[in-house]
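Heads up, the next two complexes both have subunit A, just with different partners, subunit B and then subunit C.
And then the complex of A and B:
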């Protein structure tokens, strides 16, 4: 869910990339939720044609998804359907991470793949023909050679899941029946772990997504012309079996009878975020444990990456010690690591519990690593903004997870009893703590106690909103410094250039680092 | 009226003594919590100056004593001579003269950290023994006091609490026993890694909730930003 400053950041991004009109339509959808075309026209006070064009731009760049919600009318009339448009907040924010995504591909694949991805990020979505035409314009090779090279690059990107087929243009979302709603309620009551309720945005994205069989499938001309399953499949695919692929292809009627030339492709943001999540986990563990433990953790992530069904996977698939060892020795850093060292590293990784052991099987506890990193980030803010005493109090309340009385906090943190309420009050006023009053009738008089608590979910939302606020501030300052550059005519050029370079470096690196923290709180 | 006009003598002594008795009774009834003059005034309907005189007299006769209370906020606190002040008003073992003995606590914390660092992994008993052997504190520390110091180190993020697995570095410690290790690769007093938000002006700004793009406080007008980018 988007926070207030999250929305402002998103609007700021769209304005910078596509202009004020598109940003106006986008902001309307972000603030009001999904709307029909008519409703969007009414709220934005733009013309229908202007709104349509803006929506087309936003859809092209995967920032908006159209869908139809079946409205079942109670007295038995035919179901009405109205196209609505929903803003995809996450995809909008991903736009300021494109350089990180390109960096991942450049580390794993060749330049052609990087160029192809860059084109997809720039244009939002492209067909195979558009990608080939683009490649042709920059080269002197023959058409077939270029097409082969482009296909080869696409296949590499598909194998790595860095690109995917675009979703359906207008999926139909059915309202859950009364029985389905009742079943969900029963499941929620009986479940030991509380499941997050799927938002409308998640349901729309799921409904629009191509099937897993098709999502990373490129069917070449050879296969289309083939007569009954003899040719080799020259593509990446998740599930094996040519016949199953053909059946899946034929059933996907929205792609228009296997006309692969008009299939649209786009960057698969999910896979990039997964990579960045793994990277963040490794960075976090690096600050606490030695290189051996980090190498083992990396190997476990590599071995289980393809089995992760969603980005926010809580635990990796369990692996045996020997599977982990086999994966470790594949890498350059792990070549000389012994079996015993792997075992010792796994014990190291269990404290704090980054890796859980269960009957000789080991799995990574991603949730724990991410939680610890989030705690550290929040604690760092408290330390710098409110001081050491506040830091200790915040950590006490965060670790205990329940309400604690003022004097108990003073005792545990070694702070003067009369100073403690002032510090707690400051944290509470700035929404880092929750407070409750407890009145107890004593022997002669009424006593009032103040109880304090850290609510992790509320805190996470609050810190995330502050981060978006800071990100917006950084963007504004970057723009301001660029403007200032033009006006600094009386300063010697060398000195000016030197200052501008340092400012650009500092602001740029701060933006990147802050974005990592935003992903930690929002995407991981 | 006539009692007040009497010259000092045995008769006037008994009237002052009566008031003294009342005041002493109130103080004694509070046992190890004691009472302030304000509390005494609430319980017995006697003029302030009379209470002050009684207190002075009782003090001189060593029937009551003055004690420091961490709750009394500058008000003097009195206790009947036969009681020792409770932890609630002294603050406990870490308080001296009504204030936290910060210097003593900090010395103990550092020594405790060094013992844990030396032992790599330590139980509370191990830490307490090590502190006792090194005579860090002139007063013998109870196990509870050692635990309070160690837990404060955990809150400082200098030390972490772990559970023994009975293997590797925990080989000499029973499985499941709570023990402590120093954190990470920094020395005593080293601050934890600076977070992303905390390393920019907005992260530490006390005015962030008032900062808006076009407001009086904005990233363009911000004095903290100006200082940060002053190359």
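And then the complex of A and C:
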């Protein structure tokens, strides 16, 4: 869900990367939702040719997805299929973090892989042929050597799930039938917990995504030539459960080597965000527990990473104590850790419940770790803006999770009863708290009580919007400073340039740090 | 009189709003700069990517067509001047405009597919990469990663020559092609105004 400042940030990003025209089309789609080509032309007041080029650029860079809504045939009319375009807010914001993605690959794989990923991030999507041509244009070596090197790098990136096949260009979305809609309404009414309904964006992305079997599959030329490549398909998916899918895939894979040359590949943002999520969880646990517990947690994450279906997984797949121990001793830090130490660390991790134990199998509670991190972040904002008293009150309400009356809050936080309503009112005005009035008819007169509460969902969205606002301000300042620098180019003042360089480095580093916080509230 | 009514309206509107001087970046209390961790590598990588996109075919500028731009009559002496060679690759050199990659309505125009025959320049022209403040930091980063990139400098120059040659693909055959662009009867500047259906005598 895109907040107001989130949209402004996204538009600012696209303007910096692709210019005003592309940004205008992007903003139109972000604010008005999915539109057809004609509607986009009408709203943006650009020419049809300009809008088409902008859409091509946005689709190439995975910021927009086209789709068709299946319309029911009525009264014998032919079914009309109008192509619509939806902006993918998450993918646009990921563009901020491309440098972090490159860092992850440089820590895990070699330079050739980093170079290839950089090409994919620069161009959005590339075929095998384009990647080879690009590599050839920068090298003096022979064609075959380069092609082999490129293929090797692609396979390494595929095995790590860092790159994937591009989605379908125009999937057809079926409208839910009346019975399905009624069933959903009944389920929503009976459910005690509010369940997030799949948004249109999520449905479009799911419909467009390639099948799991194809997603990370590269069929190489040599394997196709040899006996239809039945047993030697170079797939990153070699788990037993996938064997049936592979057999089915062989019948699907009627690709010749030439077809594989035109398949488009792109960076798999999901995997990078997963890596960053795990890293953030480990950083958070590090501040609370010792190295042993952190090593055990890291090992559990490594073991279960490939089984995570979506980024915002709440719990990891359960692992037994022995499999956790096996994974721990594989890593450098965990080589000398004993079995008993692992068990002790797991007990440590269960309070607060970072790890849930169930019949001798343990699973990580990601949701809990992320929630605690989010609470800490929100509390630190309250402390810096409103002071210690407000911080204590906010923490009390955040931990209690239900409505509390003003005087009770004053007693619990040792703040004077006169001051308490003022502080609470300030927090309420800035959307950090919810307030409810309660009127009770007492013995002689009507008494009014004010009740206060922290609503986590609303708070999260509000804090996120404020962070996007801060990010936008930083971007504008960075742009302003670089404009200053351009004017200084003609005047060689080394000291001034050094100062500007330091300023740009500081602002850039601040942007990256702020982005970590944004990911905590939006992506993790 | 009607003026009095208008004047009153303006006065009413003007009295309500106080004009404040616009400050682009108002002074606020900033956090401690030393508390921000140095993310040099990330900042440099970001800067590199941004530089690339600004010079890439994906950066769409509002192109003013040559016809509207030059009001001056094209002179014979202009033919000897070098033509403005396109500095960016064309978008259609890099996009894979097949039906399974993009919606049909976006690639319907047959001219787009023809233009993709030109060779794509993968390495940016050295002239387009403006000096930026991270030049010094980038050198440090490159030294750390290895000296492989120094070999690219020669490759970039040869690519630049190839690019210029391919842009001048409209060969000058001298007078033989002169009549292709020769407009005798049409007067560009008065065409829009001519709504008369009367026959020309």
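Things to note:
The criterion applied here is as follows: the second predicted complex is superposed on the first by the 461 of 524 C-alpha atoms of A that agree within 3 Å, B and C clash if a C-alpha of one lies under 4 Å from a C-alpha of the other, contacts with A are read in each partner's own complex, and residues count from 1 in each chain.
Everything that follows uses one rule, which is that a contact is a pair of C-beta atoms (placed from the backbone, for glycine too) under 8 Å apart; a residue touches a chain by one contact, two chains touch by 3 or more.
Note that this is a predicted model, so its numbers are computed, not measured.
When the shared chain is aligned, subunit C comes close enough to touch A:505, but subunit B does not.
In the superposition on chain A, contact is made by A:517 with subunit B only, not with subunit C. Looking at the shared chain after the overlay, A:111 reaches subunit C, while subunit B stays out of its contact range. Once the two complexes are laid over each other on the shared chain, residue contacts for A:209 go to neither subunit B nor subunit C. Once chain A of one complex is fitted onto chain A of the other, the partner contacts of A:380 are limited to subunit B, with no touch recorded for subunit C.
Residue contacts after overlaying the shared chain place A:200 against neither subunit B nor subunit C. When the two structures are aligned on the shared chain, A:133 is found in touch with subunit C, with no touch to subunit B.
In the superposition on chain A, A:477 contacts both subunit B and subunit C. Residues 477, 480, 506, 510, 513 of subunit A contact both subunit B in one complex and subunit C in the other. Residues of subunit A touching subunit B in their complex: 8, 287-288, 344, 347-348, 350-352, 376-381, 383-385, 388, 391-392, 395-396, 411-418, 430, 463, 466-467, 469-470, 472-474, 476-477, 480-481, 498-499, 502-503, 506-507, 510, 513-514, 516-517.
Partner subunit A is touched in their complex by these residues of subunit B: 70-71, 73, 91-92, 94, 99-100, 102, 105, 148, 151-152, 155-157, 160, 162-163, 165, 167-168, 183-185, 191-200, 202-206, 208-209, 211, 213, 218-220, 222, 225, 228-229, 231. Contact residues on subunit C toward subunit A in their complex (touch as defined above): 24-25, 33, 36-47, 49-50, 52-54, 56, 58-62, 91, 94-96, 98-106, 109, 120-123, 131-134, 136-137, 145-146, 151-152, 155, 159. Within the complex formed with subunit C, the residues of subunit A that make contact are 16-22, 37, 50, 52-57, 59-61, 66, 83, 98-100, 102-103, 111, 118, 121-125, 127, 130, 133-134, 137-140, 166, 168-170, 262, 264, 477, 480, 482, 485, 489, 497, 500-501, 504-506, 508-510, 512-513.
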